[in-house]
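Look for chain A in each of the two complexes below; its partner is chain B in the first and chain C in the second.
Up next is the complex of A and B:
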């Protein structure tokens, strides 16, 4: 049993956990911005008529969705130096998370754009709008509403996925738990504490998703 | 250069095959157990007992709110403190089954709730028992909603099984990690690892898409 569960050690290591939590938050935020950029580019390519842009975007999305993030992370971690890019682990991690989540974001945005009824697009064509006007004034404002809740769901997934960066020794939250587990042989204290911190982040994001779907009047996020 | 590396990679062929086998076995066992447990939990959760459904909901939230890596560490390092000695394989199965069950529970709940109440009322009025109602009226209709995300969940499960390599199980990802220590070409090694996963996952992704389209089409018929 956990009769010698030591709260004192947890308090002693609290600064380490705090740092880990902060690192997890900002690296997830940065990766999410990266994922949005990757996702928007992929989605724009995917919505073109010609296959020249569409085929690579589709292949990329399928390849990312059919392989585990951990394998992708190792691919970059062990592969990039081979191409002459020797980057810090943290940068490799953010890159991997952005490239991975980007594929899912692309699908979310595409679903949002395709959810706009065909008649709306036809109506805007009939009113003589250009492509840019149509996108900016008709399609995107409506698609925005539909995509926000699932995007927040993806953000939750991203925060959880960022735990894998501990395996390439990025000092984020999970790494802090591992340190406590290995330095002091206190796995219970280490891992239960970080689980609590992750839950805190989860409930914050989940609350945000709930609020946003109430504001926007759309269905709840699937996480 | 590349040729030499390919040759030395060919030597790791049996290891790679074992890794792929481990990934498939792990995923398959926890897929079957997780599906059974997930359906059980989902049915219990919609059963009407406030306490039970609250407990299940809380547990599902705990599992969905924490990274899978942390769950594996918790199971592998903490259950022994309660006197339950585990090898890595059993810990991996427990963690994956639990994860799958929680996500499948949510999918099943959504499916059951999608069945119109009129159907349940009609079943009640015809004097069907609880079990008959579930098995003959609710579940068959819920399956239409449940099936596409269920298959998608299987893909996620196979991918998540890669995380068990963190506690030393020699699955496909771990094999890649071992090989890359010897053959320092991360691009090639993990490209091949990716191909292994792709072969297993992509057919399932295609199946999920087909099911989704078919369900959409069926839905359209009803609306007409």
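Up next is the complex of A and C:
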């Protein structure tokens, strides 16, 4: 069985895998930045008292969480051009990941902000701080610490979700595995190799999460 | 009553104040005037509205009807800038509510720097002096989690003093403390009172009340039942309700 496994072909295809890996990394990074922006805006809308901003934010978050990412991706890739918006597949891919992940990021940030005890807000209100001052000086710095670990968890999910972009022919990591599988009929080699690369990315992000929590844990530990 | 008809204005003036939580009348027709430099102790059983009473003074709670005038400004009046008024009112919480991500000194200087716009160096100098005053000169760089409850509460008092307020409100400042830490906090409060601060203090600490309070206000079920000098109140309570209350807190 293993004698059929061709390490040589893997080595031969390494440049392709390398390129795929690099594409996966930067498009995930870009998408995550996009997701943070989408998430912060959604979260700010969601924390308003009036329903005018809150209702659309909630509807959007529900819609994204209720539907498969693949369906969202297909809508943007196949549906948008029919509505008159033609975008390159890479842009569509990054847009889809940002819009999708943004909904989850919004909920992570909201949970972080709401986890700050009411007394913190009261203390800052009592000292005469404005809404912006107490968010900036008291609430967000504390919320930031509790949101970093789940945000990195979301980043890991995003990296794995980016594999779906292979279906709209973005030449990222999974696409490289597909090429090896179809060119040489070597699906075992192709998909096992990309799995290894995803595992590598996973450990990088996990290491980052560990570092950040240790770094954040030392500065001003709370009871 | 016309505005010009007000004869004298205290630092804090409740006039017929009512407040409801849903259908519960938590403050009933409160009329109470606190003069400048006066120390008023508010006591009463749990749920009597005493915390709500002082939380109204800096607008942490809003009132339903009646008038509440603080430092000459009517609360709820569109002309009253609440944010500005709050800078004149220090509030000490039962649970301290120090900022856990800031050191003791940063806790004290945060609002002076960002709200009062005092230059950082000047605010830090004042902050160190205040921390020294509450006996924590060696803890300026400690985080709240590294301090005991009594130390945290003293930082919280210093944090209020850093704003140079005209009024200080204390909401059961020693209730969350271990018994041996209560006196260190009370000592600081006595010192603040002796400097002439206008204070409303929700507490059952009778020693403190006898030492510095000009008046004790006893509340029950949202209403002021009795008020008098500490001596009058503790030695010769006038109502059955206050006698029953005192017999409970004095039993031990």
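Miscellaneous remarks
Here is the rule we go by: the second predicted complex is superposed on the first by the 216 of 223 C-alpha atoms of A that agree within 3 Å, B and C clash if a C-alpha of one lies under 4 Å from a C-alpha of the other, contacts with A are read in each partner's own complex, and residues count from 1 in each chain.
Going forward, a residue touches a chain if its C-beta (ideal position, glycine included) is under 8 Å from a C-beta of that chain, and two chains touch if they have at least 3 such contacts.
Being a predicted model, the structure only gives us computed values, none of them experimental.
Applying the stated contact rule after C-alpha superposition, one finds that A:187 touches chain B and leaves chain C untouched. Of the two partner chains, chain B is the only one touched by A:202; chain C is not.
Look at A:123: by the touch rule set out above, it reaches chain C but stays clear of chain B. When the two complexes are overlaid, the chain among chain B and chain C that reaches more residues of chain A is B.
Shared-chain residue A:163: touches chain B; no touch with chain C. In the superposition on chain A, contact is made by A:79 with chain B only, not with chain C.
By the document's definition of touching, of the two partners only chain C reaches A:142; chain B does not. Residues 223 of chain A lie in contact with chain B in one complex and with chain C in the other.
On the side of chain A, the complex with chain B involves touching residues 1-2, 62-63, 65-72, 74-75, 77-83, 160-164, 166-167, 174, 177-178, 181, 187-188, 191-192, 194-195, 198-199, 202-203, 206, 223. Residue ranges of chain A in contact with chain C, taken from their complex: 117, 119-120, 122-130, 133, 137-138, 141-142, 145, 219-223.
Across the interface of their complex, chain A is touched by residues 61-62, 64-71, 73-74, 77-78, 81-83, 155, 158-163, 165-166, 172-173, 176-177, 180, 184-187, 189-191, 193-194, 197-198, 201-202, 205 of chain B. Within the complex formed with chain A, the chain C residues making contact are 58, 60, 83-84, 86-87, 89-91, 93, 95, 97-103, 110-111, 114-115, 143-145, 159-160, 163.
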